[in-house]
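Note that chain A is present in both complexes that follow, paired respectively with chain B and with chain C.
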Partner chain A sequence: MRQDRSLLAILVFAVVYAALSLTVTNSYYQLMMTLVLVWATMGLSWNLLSGYTGLVSFGHAAFFGLGAYTVALAQNYFGLSPWISIPIAAVLGGIAGLVVGLPTFRLRGHYFALAMLAYPLALLYVFEWLGYQEVSLPMERVHPAAYMQFSDGRIYTFIALVILVLVMLVTRRVERSRFGLALMAIKQNEAAADAAGIDTLGWKLRAIALSGMIAGGIGGFYAVVLLVVTPIAVFGMLVSAQALTVAMFGGVGTVWGPVIGALILIPVSETLHAELGAWVPGIQGVIYGCAIIAVMIAAPEGLFWTLRDRFFKRAPAAAAEAPPPSPENVVAWSAQRPRRTVGDEVILDVKGLSKSFGGLKAVQDVSFQVRKGMILGIIGPNGAGKTTVFNLLNGFLVPDTGEVLLNGRNIVGRKPHQLCAMGMGRTFQIMRPFQRMTVADNVLVGAFVKAATDEEARRLAADAIRRVGLADHADEIAGGLATRQLRLMEIARALAGQPEILLLDETLAGLGHGEVDDVIAVIRRLADEGTTIVIIEHTMQAMVRLVDHFLVLDHGAVLVDGEPEAVTRDPQVVEAYLGKKWGAYAHN
Partner chain B sequence: MNTKTCGASRRAVLAAGLALAASAITGEAAAQQPAEVKVGLLVPLSGIYSRPGQVMRMGAEMAVEHINAAGGIKALGGAKLKLVQIDAGDSTEKAKNAAQRMVAQEGDLVAASAAYLSSFTLAVTEVTERAHLPVLTLSYSDLITERGFKYVFQTSATAAAQAETALPEIMKLAEATSGERPKTVAIITDNTAASVASVKPMKERLLKQYGLELVVDETWTPPLADATPLVQRVRATRPDMLFFLPTVISDAKLLLEKMNEFGLAQARIPVISFGIAVAEPDLLKNMSPELLQGVMTVVGNWGSKGHEALIEELRNKYDEPWMTQNAISTYGDMWIIKEALELAGKADKEAVAEALRSMDLTSGPTKYFPGGRMKFDDKGRRVDASFTIVQWQDGLPVTVYPPDLAMAKAFWSKK
Partner chain C sequence: MTAPQIIENILQALVAGVLVGSLYGLMCVGLALIFGVMRVINFAHGDFMMLGMYAAYYIFTALGIHVLFGNGFGPYVAAVLAGPLLFVVGYGIHRALISQVTGTRTLGLDGEGHYAQLVLTLGIALILQNGALIAFGSMPVSIRTPLSISAWELGPFWGDFVSVFINKSRGIAALISGVVIAGIALVITHSRLGKALRASADNPVAATYMGIDVDRAHRVAFGLGVAITAVAGGLLATTYPFHPFVGLEYVIVMYAGVVLGGMGSIMGAFWGGMTIGLVQQMSTLVLPTQLQNTAIFVMFLLIVFLRPQGFFGRVVERT
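The block that comes next holds the complex of A and B.
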């Protein structure tokens, strides 16, 4: 239903725009209508990579310029019509995306943005060095239409509109598929996405290739519109900036943002230039800049999101707080910890695991076993190496020595998303929900690793949501959830990947007293249903009621390994790390 | 209801009456005053190229004033020229947009002058060609008139043609003033379109043709960060002359000052440039005139002998110390358009274009361009378009070639 509506919106937009362009007879306004579409498409290209993955690119001019030069040079040297060379330009843009992406994705954040900045600048000099300072597309007098040359400017607008609508449909499809969810997951937390089974490098490469294709194609079309290609005009900083500006202004991470941005910014900038340029030369830039600053202050996430939040806000989630799952059980469990029977089958076998960071021995010779169906609690003071152990287990870090056997197979050296596919799920100490996505979509991200089809993924996600007791909240936006629900949602995301063993990193942190009991109840039920659980915590109180077995770490080494009763009575543990109070609690 | 209708109709009658009266008045005025003929000036008035664009505007404004003061277009009953200024901005896209705006919204233009930078001119003329609007340009790029366009007229010799014809003249000049024929040359150029277009034919064949050995061949991308390695190479090889082609004034300043540091200034090694950058007034504002002494440049046009009154007026009116190509060529463009209107006999762009194609004059606007003839060939290039050589002498860039325009004699210092 929602999908149909958004498709309809795109079609309505296209029809209205086409109808509007039919009524425009002034060739200057026609050119403007074409350029709006060109820059909207370029903004969408930028958005596809940077908007969804959050990896800001200052270098989209590289793809754009390659496309423009492909079309210009193909016509000059091979007499190739833009009808053929624009698709070629798109393919070349895609290849350029891969070539750029492979080395550059090793960088993150600002470093990625800066590295991207270098590509168009380098290409600019390369094309100057090659002697292509000015390339003009020859005027075809015999068969102009065969070379995409029309005296009626509206035809350019229609071609641009077809390209834009295609790109919008592609973007929309990406947004709604596992591709888009993977990119959004990368944007929120690349590590978490990796741990949730997403092949982050693979998806990022696909994104930059597709983005490069779009930029290359529209760059080729731009050459047809401008008819003159110069390095500055197509590789210049302004091109990258324009793509970024329309997307940021309109709203990133949505198909409509760049379109809205281009619809407003391009005509405004041009009108200012036309009206004020000859009057007070240069004043147009000042006014334009100030207007952008003002709008960005008022709508920092872009117009689309700000307007949507204002006019289409969903009912706040907190209003209808659902009761915690199975309250009667919670009471029983918190009263006393029933003994659970755990099988003998060892699912995870850790042998002599060590990891140093320079001189700091974060983990030293840690060995332990996890049996199927067990809840293992790893405790220890801050800095004891608990999270490092998790990072070694799920592949974020490679141990210096030791091995980790998952169902008898050594998994050292494998990537997090591969381990996730092998059945190692994990959550994080610091929650990174995908704020703007619904609970269902948040969990869906974790389901793709095990699901062949989107259909199956949705089923797995729904199942995971049900298991943690969030079924009533499935359609709410994650940004509106309470901490307890977010913790449960994170567990559900890990669960959706059908893990055999689930690593929970401080899942109970930051929860109130009653909330801890709710979450404990859920974890116990998961264990009862057959999921093996390893949980890190430094608060002892909740753990003694939850786990079957304790592993106490200190300074990266195992201090005690044993049953809760034994551990909590161990004077070493009690006095040095936990305090006498907790020991007394365990005795009761 | 009834009164409302009545009121409305009364107002309508009143309005119609007023309109009638107004049209009667303007009609009367039109009959008394000759009509206006609109001419376009599409140059960068904002952004990094605004300075040359503004100088072009000065030239155009002066010309329109002079033409109108001298009685306007006589063939059109003394119709006055009206200059329509359009800002080409600072990018090719903006220039093209401006051109599209010009042809769409100023439909009654008969001709235009555009657009300073050759890549802007290329984009602008793609639009004007399709709109059949004749455009005069001072841009050098050969490409402008190589596209088979019928509505573009290039008043400057193209970059390649300038290099071709200037080199023998430079050799002659050197021989005449120093008694020796140069044998070695260094070329230091930026990689902008205009510079590359000048250097390319030299490297490809002209140097060989004139027996010149290329001892230094360096290219940089503006802005130049450090001129030291370039000047070191020049000092090490001691060429008989240096071809130095900057486009950006700060680059010119940097290298010339570095030459001085290395003891090569005052034309100890003769420096010859192509283009306007080394002779811009702005350069003198930023460096001492001694460092410029003797530096020469080959330019498509320059305010020279016979233009003294114009130069004086430009100085008084706009505070411009001398008349660069941007001012004199744009000034001349307006006179060419005026002449074309006289020939066409009507204010129509097609007729003006045809008049430009068939024009063949040795008087009138001819005196504002070197070469002695005002005729355009099939490509739209000015036939016999010559060039000027300008040399810095005592803080002033004066024309030293061609002889009929020269305001001073060139000097060629010895090593």
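The block that comes next holds the complex of A and C.
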């Protein structure tokens, strides 16, 4: 089992490191061995938030520093032992994470990264102003061990090792749970994750709280090891930079990355500092800088991933396309459209939907109904407002006016992940598969919204994969799939959340002729099995063979609403697509 | 404190804020040019500014500028000359290092290569700081000009009570900064080069199809950005002492300014930097000096939360 092997690897690492540290008697090297573990832990803390969600934080020093000051001040003012205050520091770090995360998660990308920078720096000056330029931990002569003070430096190494192993186990657990999958989904595409039923803000807050706890705890331990706390040493830019450097150097988004990074970088920088620093001050920084530049150019995704890709590359998915499913079926479907019977029950009722962006009326007074089991095609030229309608339906946008009734309940104002849970699934025009994950894991992300247990989620995912006909590819890495398979995988991801109604955004775009038939066959089958489908497309050809009903949009408004045969002959539609001349022609 | 004194203090802080703000603004414009065109977070930018300060210092003292132009105006000439020199440095570093992890090469990487860029520029920052430590020593130096201890007096107003002093050195520096900004604005909006830069920033792939060499545009943008910030550094050096690690103090200010102005907006960055200068100086009226920087960060966070796209930025998001 892979799972047992990775657990074993962590244990072997811990035992080897402990054995190695036993042989070290020089107190300077003992300190270095402890610091390696401290920074590895800090790197893992950073990784838990930034590595998995992709939201780069430049501000982890805030949590680290709060932890360090908590321990230092608690011992000075209340005589509290670090054995007690380090857990307190961890809790405070977690709370700080929530306080920071709640407003800052409104920002994305570079804005998030740079806003995070402000927190530790603001705190740095506050602590200076409070008069804590230098706080040292008092020596306890009576019961040193009760205050985590040991004359043998190796004991600190052991404590640090225990903390690191714990954090590694937690990270590993997160990585393999729905927590980790949710974070990775957010990293790939936050909007898509939201639409797949993932409560993105909730998971991000959990991630930053856990990350803050780890950073706060290890910051507190750092204070114990160094015995002195200064604002620059714990809130400074270099602390945040160190955390992200070890993680990025080793590899982001994996348990081992930050550990590898710290194992290499900390000894190198410390040794350079000790050996060369006295000789020519600054030379160690130059060499260290050159070293990390060289490695980043050679391994831009970090050592772990680059080495893994080079030496343990999984055999690429068998390049040969799987044979298209039963050709005679496809022919039958594309040749003549068998009449499908659609019930009378209205499950989606859209009334007078409008949305403007500034002066641009993207959607104007759009109304339509979707009956259970129906395939509705929304067509229209580019810029007609098709995707905006979807964004209004699944909660990405809030309409200016109008109502959307899903099974009779007005859903305007609800969040995308809530709507997903209520049965509104969707795919996207721009595909964002999770490249490094298998097809099965990709689909699993969408299954959690309806599954109570991981077991059930796996079952739902497998079922969805089977329904779109990708069962043979379930264990392949998504990065190796062809466009047709990726489209089907996206449909499977949406299906895994057991939607009542499935919104497909240009699912047929970019597919070859035979592939279109293939995907159409799958969509029809889903409809026959009871899923209601709304599909956007801007070409009419393929749609005529697929849908039961058409909604034609032009300039944000409904142009025609009717049966496929009627719509294709409607002069207005022909005009919108082909221009006035042809419109007049069709009229005659 | 009497009312005129309060008014005088406020006016004085306002003037000081505008003067230092115009230099912050210039720095921010340099960074914004790089960030706007390349979307790369360059942690070494403060250290390029530090290099610009030392360049101005040595151009002034060693190249004989002080003999040619005298101690009064020599420093400003030196500061401006530091620009072309640092352009070459920036252009070269981009070609040798930055281009390896940016632009068209990184499209397939995790996070589009941002991780590698961050660590790479951190590495460059380390080399520049420590290299400067080896080359120039750790003692703070400054470019001395007699103008920095004399001032123009405005006023007195309200009888004899209120008058405002403008430090001559800072006043001249602010003027030069204004001229440089105007020049940059002209280049960006009216020249062929500016067009290529804007196109590369807007849509690198489309720009390539239009026959624009995007990688070259990136190199030029990086060189120009470094050069502009170096001039700002040279000007700053006439009133503030500096040392090899001075970049760390300013890189934060620069990023705050760029974000405030709206990422990608070059003129916005100037006003962002100006805002920071003003807040920094005005905050001294009500807060202890140690909390000056805290005030900057708190204001920064507030503005970012209230208007995440900055003063001049646009929100562009597609599903």
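Going forward, the second predicted complex is superposed on the first by the 571 of 588 C-alpha atoms of A that agree within 3 Å, B and C clash if a C-alpha of one lies under 4 Å from a C-alpha of the other, contacts with A are read in each partner's own complex, and residues count from 1 in each chain.
One rule holds for everything that comes next: a contact is a pair of C-beta atoms (placed from the backbone, for glycine too) under 8 Å apart; a residue touches a chain by one contact, two chains touch by 3 or more.
Just so you know, these numbers come straight off a predicted model, no measurement behind them.
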Worksheet item: Where does A:P138 make contact in the superposed view: on chain B (first), on chain C (second), on both, or on neither?
Response: first
Item to complete: Could you say whether A:Y28 touches chain B, chain C, both of them, or neither, answering first, second, both or neither?
Response: first
Worksheet item: Which partner does A:N410 contact after superposing on A: first (chain B), second (chain C), both, neither?
Response: neither
Worksheet item: Touch check for A:L114: first (chain B), second (chain C), both, or neither?
Response: second
Worksheet item: Thinking of the overlay built on chain A, is A:S177 touched by chain B (first), by chain C (second), by both, or by neither?
Response: neither
Item to complete: Considering only touches as defined above, state whether A:W129 meets chain B (first), chain C (second), both or neither.
Response: both
Worksheet item: Which partner reaches more residues of chain A, chain B or chain C?
Response: C
Worksheet item: Once the shared chain is lined up, is A:L227 touching chain B (first), chain C (second), both, or neither of them?
Response: first
Item to complete: Go through the superposed model and pick first if A:C290 touches only chain B, second if only chain C, both, or neither.
Response: second
Worksheet item: So, does A:G282 touch the first partner chain B, the second partner chain C, both, or neither?
Response: both
Worksheet item: Taking the contacts chain A makes with chain B in one complex and with chain C in the other, which residues are shared?
Response: 125, 128-129, 281-282, 284-285
Worksheet item: Across the complex, what residues on chain A touch chain B?
Response: 26-29, 31-32, 35, 125, 128-129, 131, 133-134, 136, 138-139, 141, 151, 226-228, 230, 232-233, 236, 238, 270, 273-274, 277-278, 281-282, 284-285
Worksheet item: Mind pulling up the chain A residues that touch chain C in the complex?
Response: 54, 56, 103, 106-107, 110-111, 113-115, 117-119, 121-122, 125-126, 128-129, 191, 237, 241, 244-245, 248-249, 252-253, 280-286, 288-293, 296-297, 300-302, 305, 387, 391, 396, 428-430
Worksheet item: Across the complex, what residues on chain C touch chain A?
Response: 35, 39, 41, 43, 97, 100-101, 106, 109-111, 113-116, 118-120, 122-127, 129-134, 138, 244, 248, 252, 255-256, 259, 263, 288, 290-294, 297-298, 300-301, 304-305, 308, 318-319
Discussion item. List the residues on chain B that touch chain A in their complex, please.
Written reply: 45-47, 50, 54, 85-87, 89, 91-94, 96-98, 100-101, 103-105, 118-119, 122-123, 126, 129-131, 141, 143, 147-149, 191-193, 196, 200, 219, 221
